[in-house]
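Just so it is clear, A, B, C and D label the chains in written order, and each chain counts residues from 1 on its own.
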Amino acid sequence: MKPQAEPRSAYPYFQPITTRWMDNDVYGHVNNVVYYSYFDTVVNTYLIRQGVLDVTSGDTIGLVIETQCNYFSSLSFPETVIAGLRVARLGTSSVRYEVGLFSGDDEVAAAQGHFIHVYVDRVTRRPVPLPGALREALLPLATGAMTGQE
Amino acid sequence: MKPQAEPRSAYPYFQPITTRWMDNDVYGHVNNVVYYSYFDTVVNTYLIRQGVLDVTSGDTIGLVIETQCNYFSSLSFPETVIAGLRVARLGTSSVRYEVGLFSGDDEVAAAQGHFIHVYVDRVTRRPVPLPGALREALLPLATGAMTGQE
Amino acid sequence: MKPQAEPRSAYPYFQPITTRWMDNDVYGHVNNVVYYSYFDTVVNTYLIRQGVLDVTSGDTIGLVIETQCNYFSSLSFPETVIAGLRVARLGTSSVRYEVGLFSGDDEVAAAQGHFIHVYVDRVTRRPVPLPGALREALLPLATGAMTGQE
Amino acid sequence: MKPQAEPRSAYPYFQPITTRWMDNDVYGHVNNVVYYSYFDTVVNTYLIRQGVLDVTSGDTIGLVIETQCNYFSSLSFPETVIAGLRVARLGTSSVRYEVGLFSGDDEVAAAQGHFIHVYVDRVTRRPVPLPGALREALLPLATGAMTGQE
């Protein structure tokens, strides 16, 4: 099944990300790697602003276990990219985020993909249930998401 | 189906990649984004060394349409990562590369993923058949690969 | 002479730059390298918006021959950095840009530095006089700058 | 005084650094920013291998207060760059590293610059004397360096 670019209406949360000169590769477009730095940024900005990511002293850490991206059309410096974010699955100890990247006023995504966090104990690195505050902070992004047991 | 880390024997070609101080994120491990710069590097190094990637004047360009990565264990600066490369599918106008990243003497991959190129005309951006020289250069990486029609 | 952090009033032009998760290094602050990507970005965004940077087909290219940065206080993801830009010297074939990076509402720069472009012929790579349109576009940034012969 | 590219013999320590596809910018050469990631890497690799950089629990931290680079000729992916390192000044609480980047078998540097660390207490962020083990580890790089009071 060929992936289809989705519209802005598929995402409940948006954040602008400014591109950088060095994002462009030799072909004059944002390099495929850099898209993932936008994914990383929209997810972690949301978590920090919600107060549910404590990088230095939280008991639990979100480890990234899988990322993926489909590229439909190109992005280029110096445009500002709009990143849309949703939670597609809220499991017992994992979260599947889905991100769409939009160029200018385009109604459909230039690229979209996912990013899976599994929460582990900072010391033992064993999976733990998502902290309650995190789960609560993610619910507004999870409209329509499957929740519950993994 | 949970992805499984594969052994070195699953890859016919290897390349060392030196990590950098800034590859490590705040948790002291290589950031998930950076893995894709290793993917990008092993694929393009192979193509350039084989003489089948002409960045500035080739008639055809390989566009990246999909990338994906599973993370099994962490990599950290200052280690040198060994990137394994194979061709998993050689289509009419596309190539699916698979990459495994190995730490130290580990027999199984710390991470693995894929990278799909579709070849297009530099001007029209319409898919074109893989150039013959490219196809030939990729055959040694494609042992066991499905080839032929997409 | 110890460098002193300058105020916002020292810069005639400003541009916001969003930080990224991977900008932070293991100490939780933006890595020293990344500051230069902000320098690069504010200079090239200005030139592109003024219509005086034609990346793919201009006859002349601006080569970077020197960059430098002093770090006074730290920047951290997820803040938005404000980059201030001025032209400190407009020579016959070179431009010295100076950049200040500001955090939040701070009146003095967290970091500042310079970036020197020399313009060369795209083919011969020999220095050429700054194109007239470029010189004109830079004048508003050059209040107080020394101009003329190098 | 125009900076001059120095020979390999000006550096007592060398480390190879593999370039990456995304290091190249739209002009097909390593972007000016990326050179600093090579600086950062050779300095920190040396310190870690000498056992004098404890990222997570040392009492003191080396803060970067100034960096600078002159670019003489270009570097390009997929070459392996050789980074030369020396200590040009070993002060009471600061170290000035100088780095030369060499391409292929070239005898003179493609770029060179410096990187100044000041050591501070992890908690108070006040300058402290360089730890004795660090000073000892740096001596072999400091042949000819001015040492002593700042």
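What we mean here is this: a residue touches a chain if its C-beta (ideal position, glycine included) is under 8 Å from a C-beta of that chain, and two chains touch if they have at least 3 such contacts.
This one's a predicted model, so the numbers in the text were calculated from it and none came from an experiment.
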Centroid comparison with subunit D (C-alpha atoms), farthest chain: A
Winner on C-beta contact pairs when A-C is weighed against B-C: A-C
Cα-centroid distance, subunit A relative to subunit C, in whole angstrom: 31
Inter-centroid spacing, subunit D versus subunit C (mean Cα positions, whole Å): 23
Chain centre separation in whole Å, for subunit C relative to subunit B (CA means): 35
Subunit D residues counted as touching two or more neighbouring chains: 21-22, 26-28, 31, 33-34, 37, 40, 55-56
Subunit A-touching residues of subunit D, taken from the complex the two chains share: 21-22, 24-28, 31, 33-34
Subunit B-facing residues of subunit D, complex: 16-22, 28, 37-38, 40-41, 43-45, 48-49, 55-56, 77-78
Subunit A-touching residues of subunit B, taken from the complex the two chains share: 3, 26-27, 31-34, 36-37, 39-40, 55-56, 61, 63-71
